[in-house]
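Okay, got some structures for you below.
Each of the two complexes below includes subunit A, the first together with subunit B, the second together with subunit C.
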Partner chain A sequence: MAIDITQFRQVFFEESLEGLDTMESSLLHLDEDASDSEVINTIFRAAHSIKGGSATFGFQELTSFTHVMENLLDEMRAGRRQVTPPAVALLLQAVDCLRGMMLALQDNSAVDQPRVDDLYAQLEALWHAAPDESAPAPAPTVPEAPEASPQGHPRGWHITFQPHLAMLRSGNDPVRMFRELTDMGTLTTRVDMRQLPPLTELDPENCYLAWELTLESVVDERQVRDVFAWVEDECGLTLTPLHAAPVPDTVPVTATPTPAATPPAPTAQAEAAQAAAPERRVNGERRQQAAGADTSSIRVSIDKIDALINTVGELVITQAMLGQLRDGFDVRDLDKLRDGLDQLERNTRELQESVMRIRMLPMSFAFNRFPRLVHDLSQQLGKKAQLTISGEQTELDKTVMEKIGDPLVHLVRNALDHGIEPPAVRLAANKPEAGQIHLHAYHQGGAIVIEVSEDGAGLHTAKIRQKGIERGLISADAELTESEIHDLIFQAGFSTADVISEISGRGVGMDVVRRNIKDLGGTIEVTSSQGHGTTFTIRLPLTLAILEGQLVRVGQDTYIVPLVSISESLQIDPPAMHVVAGQTPLYKLREDYIPIVRLCDLFHLPHDAATSVDSLLVVVEGDGHKLGVVVDELLGQQQVVIKSLETNFKRIEGVSGATILGDGTVALILDISGLMHLAQQHTGLVRRPRRLAPVQQAA
Partner chain B sequence: MASILAVDDSASMRQMVAFTLKRAGYDVLEAQDGQEAVAVAKSKTVNLILTDVNMPKMDGIALIRALRELPTYKFTPILMLTTESAPEKKQEGKAAGATGWLVKPFNPEQLLATIQKVLG
Partner chain C sequence: MDTTQTLDVDATSVASDAKQYLTFLLDEAEYGVDILRVQEIKGWDTVTPLPNAPEYVRGVMNLRGTIVPIIDLRQRFALEGVAYGATTVVVVLKTVHEQGSRVMGIIVDAVSDVHNITDAEMRSPPECSGAVSTEFVKGLATVSDKMIIVVDIDRLLNAGELAVTA
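And then the complex of A and B:
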């Protein structure tokens, strides 16, 4: 029966890549606490599993590579080798290299052979330069080749087999060995019962019997001993060759005849054949597998699938219930119909939630790369930093997750490069030598909040202000609050040559970070305290497909304002309206003035006659600014499914998409920052900070 | 048909072993570490145990020791999956009560041949 084991390769790749992640994160822990043997064990186990699997599934290149790693790790866990930072660094590189090899094997692309060879050589060199005890014997102990008998082949063997009393307790049954011997040739057995005690003293768990066996077969001694290999230490065993008849000429003396049955422990040839056989099949099948691996996939926990199936089950029940009502409907059944529809609504909502949950991944997917990043970067920069992560189980939509990775990397890089001070500076400032970087995620309302904070130097307000003036982002006499100054770092053109370093200066400024986050419908804010550190707070919608919206009416049309952008809604109080120079209408909201814009003007819509009296003001926030949007009526809040306009139509400023409402009409979803931009163009409205001072004087 | 408990923390190895044995008509139970294996062995009757050595929580050696303490499994064949690079594990396993071992890497045919010999 030929069994194709290539079908398990995908699973092998998946688990091995996971194993590599485990190795990586454990190696990073090892850095901090070299004495933790459980950590070394974990790393060793992962390497060991990868080696075993790759050998089984026929990836020799992976096997030999992991083999050297395993040797090193084995010495480390046995305490024979010290865990040094260079060794850890080399192992980390080896993990990267293995990951590259595996991905290349998976999609059948070329392996970076020079890198593999280089790292392999480095690992070998480290292993041979055994630091403590002399290097232990190399591990790949190939079983010795069977010796050819000097007297020619015996025609068989006389075997004395005397099991120790306890042999049965290891689950070894003499019958198994006899069966195996029978497979090799003709076996005659004679039982030796001399050790059998009187019945009263007999312990049925002991083996009192011994055997005299004669095996007529041209097998060599090794093959016979292999049959008893498992009980070598549990029996007395002597083998005497039978030499009566001459060896037939047809059997070459030097060649080892292959017995009909394979002995339990693999011989050298069997092992070699096994190693070679799958390898021959590799090329043809890798291609097949690559085609399957290409499609982007998502791992979903069984719980989520079960919840989904459960909901679908309920939906089917509801459908059946409504279906029964349809046949011979009577007005008296109206209540039942209502109940059924209520239930349908509930089922639909649950179904939607279950389906959405399938796309959700824990934040650890994005956070996992950071321990390594911080480790490598801090070494590169000569700084000390500890990374702590919390809330990594917080879930986020897969698409959002994929897109938030780069901005997060940028923020963490910045935190190390610009935030955390060099150890000497920190000590001088009475801070612990190692800086703290904290990644934290949590849910708040319908959004996820991700914080990147560090206890470094903090933003230098005066310097930023100075640079802002130099870059023409603010006027020299602008009166800005500290947070408004900090906000300048997100302006395009703020990141300049003198802050570019090898780490952060990759041509991407904080303006790009903000733009990427904005594209995801999110916001980013910074708070900083000089000398104490900086915190970036990112707020993102949980999903890009569904939005919590406020429905508003303007004239005959309905628009949707994303609920996350709304800070408040209020009835317009006419005396609070101000029109100042440049015709920018402003509204006095408590102690503040905010610019207001009429949607009907902006979109050239007919509106209710009594607008300014009865209208409502929806105060929205975006890019750190507030804007009052005048609408005719607030209709209600609901979840809306976002449909892209760009796909089938074109991009419209101030509109992020469309949705279909319950009555079948289409409503546009407002894009708040686009709206602000549009309002600026429309009314000549300029950014609030520069306007703030004169307005307050006028009021 | 005999039932076999396959214990391995590596899903691919476990699946390969289970697939091979099921195709040959055995009943196969699976566990991914020693602790799970003990629980399975206690709840079901198993005719043979095939266990990896290096596993988290409870490794193969500890599992063998634990099983041999259960009256039901005093004489049940327990095979370890070892590697050539760790010959000392064979001795450790034997001392703990293992019946024998199977050296990784092995192919499905070798696995079946060994199992069939042990179970007869």
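And then the complex of A and C:
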């Protein structure tokens, strides 16, 4: 039976891209802790599966490219090659290149061939450079590659071959390999039988033997390794070149280190520069990847699917029960019918929740790109920074996740560029040399909160104020609180970076960030303390599609107040109402006065005295302020599906969307911060309680 | 259910260069819109009023799960308002603007007929035409001695306060 394997190509691409992500994050980890063999193993395994997969699908370029990477990694894994920053940088570039190749294959576009060839050559060169020489001196061995003349080759190889117990079961026979080695030159073998158990305990299918082989032949390491290619993950294999040092050879050998010792510094710098240079290109690729992800699939954990199947099962049972009731219905069955309908309601709600959960992804999807970003950027900027991530398991709707990516990138870039000071400045300020950038996500109420904080210089209040006056955003004599000044950075065309760099400083940015977040129905706030750092707090709704709402009646219309923004609802006590001439009426709520508004006034809708009794006050909170909304009746709480008004109309201040109620009519969903804005315009003044000074951050 | 009906017009009977127009009545005059833009014709139903919207935007209606704004054409054209009666209908139209398309409903006194009108039969409107600003009129056509005012709905329903970027 012929199987059309092209149908699995998409799966291969997805898995391989995931594998590349794993490799990338592990490589970055390797950067910090070079001795961790488990990390190298992870990278190796990822490269190995990509190689295997691409060979299956016939992507020759991918196979050969990953093969070289794999060879390098294998040597690192076996401890025969030291993990050096230039090698890691090269591997990172190779990962980017592979990603590019894969995306190109995926949309059948052209591969950046010169780049592939260039990297391939670099990898080859690094690999061909004798691994054992790079071990004692972590010098990049690239310069030696051109000397790969016959004299440069070892005279032979000493091979330690230790098959795993189960190797024979996969059909691999050492004899065949040894025969192949014999074809290359003179082979001396020595069997190591120390592992051989007594005959009574011996399992004839296991391989207990190990061999010490000496191959005298001028072949390169790759040829020898190719012999063992089939069993490389089923045995311990070490290759040591034999240097039978004949007299004329000693001179170049001792001479080599001298010319090779000088290039490392410039090479390392060049590598670092190269690692930084593709930054833009990397971003381009990322964007492509993100764009591609829109149409592709999402991975859903199996327990979510199971929950869904369970709920559907219950729904079917409920439906069967109701169906039974229908046949020969009697008034006495009314209770049963009611129960059944209750059950149906519960099932429907659960089903809805399960389906919504499928769209939820852990924040790590958005956070994963940052280790690389911080790594590359800090090199480019000559700063030292450590990134810590917490709460990456917090789940967020896929649509929100996709849209929050770019604003987050912007914030992290800003944190590095503007926030974290250069090492020298940090040391002078008695701070550790490396700056800390912290990404933190957590749930609060029906919202997700994402914090981007850094322990850098903090916002320069005076400078921002100066800039704000220059740009005409505030008048020179305006009295502003610190947080109001900090708020200015979200204005369009605002940047305090002294030098306009490639990364930031062109004044496009924070306003766009705020707008993007606002479009998602979220808010962004900044708290900063000079000299101690800055924290950006993003608050987003968990999902764009569903909202937990309180239905209220105002006159003849029904409105929906998002439940998260309601702080309390109370019966109006007329003596507590205070009307100050020409201003918003105030309501004395315990020790505080809060402004109150009537929706019909704010919305300029006809006031229907017959149905309005002004009996209840819903106190809502948004942007740190409180507002009382006068309503006639509280109708109940329910989850509502948000429909956009913008699709067929336009944005309306004070309304975030609409929903369709059970009877088919449309109800508007109130946007609390928009409402406050309207209230301000309406009366020209809404009391703004001074906010507390920003919390001092622990240094 | 309400009086929703889908239009089923035999397109094959149309002359090749003629377009079909659905005509409706508004204060005695007959207006026409491109029939391909008409999504459906609905009976008048209560709408949910929108905050701070111009008076001629009566509110929004639920059209099978989509929120559709409803515009009173009499008010839009500054005609005298009348009580909605048995023939009052909402014509749901698709309008096209630079960034995409929108679905909107217009309230008219009654639907009238479907006419074939070729571009050659269409006369450009005179500069002074009273209630309806000429910028919203695509042309005038005469069909069996009646004048039909062909409305440019894309302009009409995306202008002024209805503009997308407003």
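Everything below uses one rule, namely that the second predicted complex is superposed on the first by the 409 of 699 C-alpha atoms of A that agree within 3 Å, B and C clash if a C-alpha of one lies under 4 Å from a C-alpha of the other, contacts with A are read in each partner's own complex, and residues count from 1 in each chain.
Operating definition for what follows: contacts are C-beta pairs under 8 Å (C-beta built on N, C-alpha and C of every residue); 3 or more make two chains touch, one makes a residue touch a chain.
Being a predicted model, the structure only gives us computed values, none of them experimental.
Enquirer: Name the contact category of A:L602: first (subunit B only), second (subunit C only), both, or neither.
Expert: second
Enquirer: On the A-aligned overlay, A:P198 touches which partner chain: subunit B = first, subunit C = second, or both, or neither?
Expert: A:P198: touches no partner chain.
Enquirer: On the A-aligned overlay, A:N172 touches which partner chain: subunit B = first, subunit C = second, or both, or neither?
Expert: In the superposition, A:N172 contacts subunit B only.
Enquirer: Does subunit A have more residues touched by subunit B or by subunit C?
Expert: Counting contacted residues of subunit A, the larger count belongs to B.
Enquirer: Is A:S644 contacted by the first partner subunit B, the second partner subunit C, both or neither?
Expert: Second partner only.
Enquirer: Give one of first, second, both or neither to describe whether A:G664 is in contact with subunit B, with subunit C, with both, or with none.
Expert: second
Enquirer: With touch defined as at the start, can you tell me which subunit B residues reach subunit A in the complex?
Expert: Within the complex, subunit B touches subunit A at residues 9-13, 15-16, 19-20, 23-24, 52, 54-56, 68, 74-78, 81, 83-87, 91, 94, 97-110, 112-114, 117-118, 120.
Enquirer: Write out the stretch or stretches of subunit C touching subunit A in their complex.
Expert: Subunit C reaches subunit A through residues 46-53, 57, 59-62, 65-69, 102-104, 162-164, 166.
Enquirer: Residue numbers of subunit A touching subunit C in their complex, please.
Expert: 557, 599, 602-605, 643-645, 647-650, 652-655, 658, 660, 664-668, 678
Enquirer: Which residues, counting only subunit A, touch subunit B once they are in their complex?
Expert: Subunit A residues touching subunit B: 1, 3, 5, 7-9, 11-12, 14-15, 42, 44-45, 48-49, 51-53, 55-57, 63, 67, 70-71, 74, 139-142, 168-173, 175-176, 179-180, 205, 229-230, 233-234, 261-262, 264-266, 270-271, 274-275, 277-278.
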